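In order of appearance the chains are A, B, C and D, and numbering begins at 1 in each one.
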Amino acid sequence: MSSSFGKLFTITTFGESHGGGVGVLVDGMPPGIAVDPEAVQRELDRRRPGQSAITTQRQEADRVEIVSGVLDGVALGTPILMLVRNTDQRSKDYSALKDVYRPGHADYAYDAKYGVRDHRGGGRSSGRETVGRVAAGALARAALATVGVSIVGGTVRVADIEAAARDWELAERNAIRCPDAEAAARMIALIERTRDAKDSVGGVVEVVARGVPAGWGDPTMSKLDAMLGAAMLSIPATKGVEIGGGFGMCALNGSQTNDVFDGEKYASNFSGGIAGGISNGNEVVVRIAVRPATSIGKPQTMAKAGGGTETVAIEGRHDPCICPRVVPVAEAMLAVTLMDAWLRQRALRGRDR
Amino acid sequence: MSSSFGKLFTITTFGESHGGGVGVLVDGMPPGIAVDPEAVQRELDRRRPGQSAITTQRQEADRVEIVSGVLDGVALGTPILMLVRNTDQRSKDYSALKDVYRPGHADYAYDAKYGVRDHRGGGRSSGRETVGRVAAGALARAALATVGVSIVGGTVRVADIEAAARDWELAERNAIRCPDAEAAARMIALIERTRDAKDSVGGVVEVVARGVPAGWGDPTMSKLDAMLGAAMLSIPATKGVEIGGGFGMCALNGSQTNDVFDGEKYASNFSGGIAGGISNGNEVVVRIAVRPATSIGKPQTMAKAGGGTETVAIEGRHDPCICPRVVPVAEAMLAVTLMDAWLRQRALRGRDR
Amino acid sequence: MSSSFGKLFTITTFGESHGGGVGVLVDGMPPGIAVDPEAVQRELDRRRPGQSAITTQRQEADRVEIVSGVLDGVALGTPILMLVRNTDQRSKDYSALKDVYRPGHADYAYDAKYGVRDHRGGGRSSGRETVGRVAAGALARAALATVGVSIVGGTVRVADIEAAARDWELAERNAIRCPDAEAAARMIALIERTRDAKDSVGGVVEVVARGVPAGWGDPTMSKLDAMLGAAMLSIPATKGVEIGGGFGMCALNGSQTNDVFDGEKYASNFSGGIAGGISNGNEVVVRIAVRPATSIGKPQTMAKAGGGTETVAIEGRHDPCICPRVVPVAEAMLAVTLMDAWLRQRALRGRDR
Amino acid sequence: MSSSFGKLFTITTFGESHGGGVGVLVDGMPPGIAVDPEAVQRELDRRRPGQSAITTQRQEADRVEIVSGVLDGVALGTPILMLVRNTDQRSKDYSALKDVYRPGHADYAYDAKYGVRDHRGGGRSSGRETVGRVAAGALARAALATVGVSIVGGTVRVADIEAAARDWELAERNAIRCPDAEAAARMIALIERTRDAKDSVGGVVEVVARGVPAGWGDPTMSKLDAMLGAAMLSIPATKGVEIGGGFGMCALNGSQTNDVFDGEKYASNFSGGIAGGISNGNEVVVRIAVRPATSIGKPQTMAKAGGGTETVAIEGRHDPCICPRVVPVAEAMLAVTLMDAWLRQRALRGRDR
């Protein structure tokens, strides 16, 4: 169950970058929820490579097939298998990487762990694994919508450039998915320069859930923030997660960060919508640190599997900044986490909310 | 299983702040490992209130009893129950809090979730729940020591004051548990001023595991960093977690943050000892954001359960900065997480490392 | 989690026969349910040794303490620890058994598995482990009663003597807990003869749940009968389980065993209240095979840990037929299993039934 | 996770009888184990309908595709998706069954549980779900073979006809898979008569694991017999399971059923190879009660979804006795259960055996 997430809404991703396909098995979708294959496809299209000048030009059609668990557009309550075939498999591109460990990549760790490794395109550690997450997230979003929960997100920082605004509708209209048009332009310019230098750059992605009622999340080990911590740090290339005020609160006082509540509304949201591990009725706000993509075109020193090092430039189609492609993945994982918390609360109280 | 963490080394904490006791049930301790009750007690003493002028003066003896699973100082491989009785229960202190929702606290969220709440001392949401985590962590540390893994930690930031050094031995010798003597003095002075102002302040705790071999952590959903995300964000008052370079990496380039590896040593540790969710042989480095303690003496506006608000000052014994008491808890959760990852790797490969 | 059962109503038993105590940690009790310690105690008293002339004369007060999770007689929704101290520990009785493997017992298997073993009174493999099950079952019964589900049971066979009637009220009024007075008398006479011969005899225990609505149980791997299979075969000394018609159906035709249903009532109950792994509205009927107690007074040949065999008579207080003491345990496990299935169905549908 | 079985070797089946396909996702296959698609196919061919005159004539090619987790014939340690497309889908056959509840079938229970149902061919409750179990079992068998564990099985009873011998090699050579040639002939004759009467008959399937070392199985809730109870009773149409002496032991004395052990060999196997929930080095022996197939051609009274009843004869291709097709499924579930227990023991002890 290493590839499973969620206790009641359980998603299990499968697939290597260059095998027969990737996807997800979703167990626990409530019966009777409408499932629209096109809605799933739309989310996958948001994740797909080749969308803009600042993403990798690898082309994958990424058409999803819903193999089971849905009849006449309605979830049966049985496992839903969603399968996306791999198509653009230039396996020969990768043969040179069979016996070296790329810096920053998981090559060495995979070999140490498994003793065997699919070196083609990163195998299981490829970002391609997130296809299944996004497909599962689309189902979770459809279910959450029935109780008024919606999810938005975007890139709020690239290198030192921070978004000053949170116009989420705007986020989908620029290549970096930034909710601040002015910052977006500067981010994109920086990323293009980084790409031309055959390098990569990091950033921060923020995702927000609206309409979450108070009461979701299960103390003490399945607190909502704990589950979000697991969900977000399981996304490739993430190295940090914060809720609400996050690390920024460290420099403040309790009298500033204790969100004043009048019984209906909160005066602030340092808690990020979660108190004691339970949603408190405020917006759930999560930010994740996205490291600079480890795949870069610059020559790098690499350890050889047999010993010694060599300096190699990895040709290929790289993402200079993966933030815009992480956005739909982080949204999906937020949806999946909330979905599970919702169902757990239904079990606890025996009613919908 | 909401209060359980870990798949093979499973800890389940129990207990409210003012009930019959708190503690932990540990299932999955490998048989034959020596269990020293005094080592457990030492860790609990590090967590205990009343240790210094900058922690709450609440007095709890916190003596642990190992009820089951250990015979003649050796783990039997059966569930180990560790129980700590509650003693200093001034329940009358809390009667005024029965019908108000303290800002920043989980009171309202608990009511919304459960419909019933033990209001005395925070009940289950009390920091007292971490007694069980620390006791379980002591067992995990003993087991990990048999394969050469050790854990250190300390407070590396309070408000804007950052530790410049990482002298972990020194951390245990000052009240804030800072691995930098000069910063420690400034942190303590700031905390004393904060305490006198009846306020609280946040900080950052860092924990480090040494000797972790490459290969621990289970992609893709039980990656080591994902499990650490859940472990750390389940600790009360934490609102962020980062691994290695964390959020700081966002401003850098891949050519800087790709840790160069020569097959034996890494030139840097931006990955925090984890690549692709698997330990890579480097030190595992985790930092958590600790919010300013929500319990403060200043008057605050609170929602009343029946509607309306009132302004109340909560008398009592508060921690102006909980970082030093979070340190042993974070170390414990790091130990527990690694312990589980270790056993999973034993299952995968059928050998100890 | 080897000692845990249940996904949403999770019970974890702990304790060895001669350690500090035995008991159970229950996680997932719905908040607001009334918890009566005396009701728990009553169930434990039904399981306790020394109740009649045909059970072991070992004396254990078996007083339960509810340590956490309950306030003012109401479940908080947090983990409930129930602890029973061991008192009648004649450890010296058992010193002779340290280095032999009793036939039929788990001694050798425990040594092979763990490499270390608490030989006193069977340690963890003692029937005393069932104390925790019975205590947890009492909570489950209280919760199930709120939706009209009740549980009865008894011994329906000893050796070749079968109960012809199912007068469950009567079952509590004879020492063998048989729902047929005439058969009970014959069973007891047989057991007394067996006891005098320093031997033991097996039997069959039947437990029945009334009022279970259609819809509980989760295909395909958590079917209600599958979960009952695990629950019942985890009880010490059980070696078989059957639902409804069970093994007896093998000799019949489908036209006989297909329970005819008119939309409200069933004409028969060969399915034992479960169709396709889901409760169908009929009574849930489960029978378990209880082997002759492995602890007998007759001299037996035993393997020595160091090699070779010896013939030993184990003095002590044995149960000649454990069926009457298995009854409350089997009822408890039925209650726990149904409880979990109920909560899962609440999660699935978002309503109580 | 309702469709998942196993903690470390986790199989999740998916698929309805008449959707896009059926299959299994296996997570936890140890890396480096050779995976032969033809070995998987051979097991599926044993399960397939249309093999003989006494099985349904429904034709399904049941060709398996291994989509992920295997490279160059070796398991990568990542999730293995195995997919079998549905081909012979005569959906129109089933339209008459949309609004009736067939007796003995799960139709009503499914409606009560999910509120929506795929009525075509039983949907998820179809025996076709076992395709995934058999495919997963083939992987488990391959892995177990590396430590010397092998599995055999057959039909040992049909109606009142019992096999007197256990010649397992012979079992594969007759249509009923009986390990006793003489009994096999009588069983087949009886089944043919039953088929001609448009009825069905039950039986008992026995599966045996050889070479299981002492030490597998995890007390107290994941005992090997408990896990086998869940595994076997999750198979469609099973209504009972017994280990070793099973229900037959009830009529015996402890002095007869305590398997005498000399440190190397057992004089008998009433325990069925499991003591205290742990394998004891003897053969693991499991028998399951297979009810008469609920699908029969005789006219039957059925409840209508809208109220009332009607009498209908369900035309179609039915199995008069499903025992021979249950054999490979039960063997597969035995293999999967042992596989999980083996990996858990590796985690506990850090070595292969």
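As a working rule, a residue touches a chain if its C-beta (ideal position, glycine included) is under 8 Å from a C-beta of that chain, and two chains touch if they have at least 3 such contacts.
Remember, predicted model here, so these are calculated numbers, not experimental data.
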Q. When A-D is set beside A-B, which has more C-beta pairs in contact?
A. A-B
Q.
Using only Cα atoms to place each chain's centre, name the chain farthest from chain B.
A. D
Q: Compute the distance, rounded to whole Å, between the mean C-alpha positions of chain A and chain B.
A: 26
(Q) Can you compute the centre-to-centre distance for chain A and chain C, using the mean CA position of each chain? Integer Å is fine. (A) 45
Q) What is the distance in Å between the mean C-alpha positions of chain A and chain D? A) 38
Q. Tell me, which residues of chain D touch at least two other chains?
A. 1-4, 7-8, 12-13, 28, 31, 77-78, 113-115, 124, 219, 344, 348-349
Q. Chain B touches which residues of chain D in the complex?
A. 7-8, 28, 30-31, 77-78, 219, 343-344, 346-352
**Q.** Contact set on chain A toward chain B in their complex
**A.** 1-5, 7, 12-13, 101-106, 108-110, 112-115, 124-125, 129, 157-160, 194, 199-204, 213-223, 225-234, 236, 238-247, 249-263, 270-272, 274-281, 289-296, 298, 300-304, 307-309, 344-345, 348-349
Q. Hey, which residues of chain D end up touching chain A in the complex?
A. 1-4, 7-8, 10, 12-16, 19-23, 25, 27-28, 31-32, 65-71, 74-81, 83, 113-118, 123-124
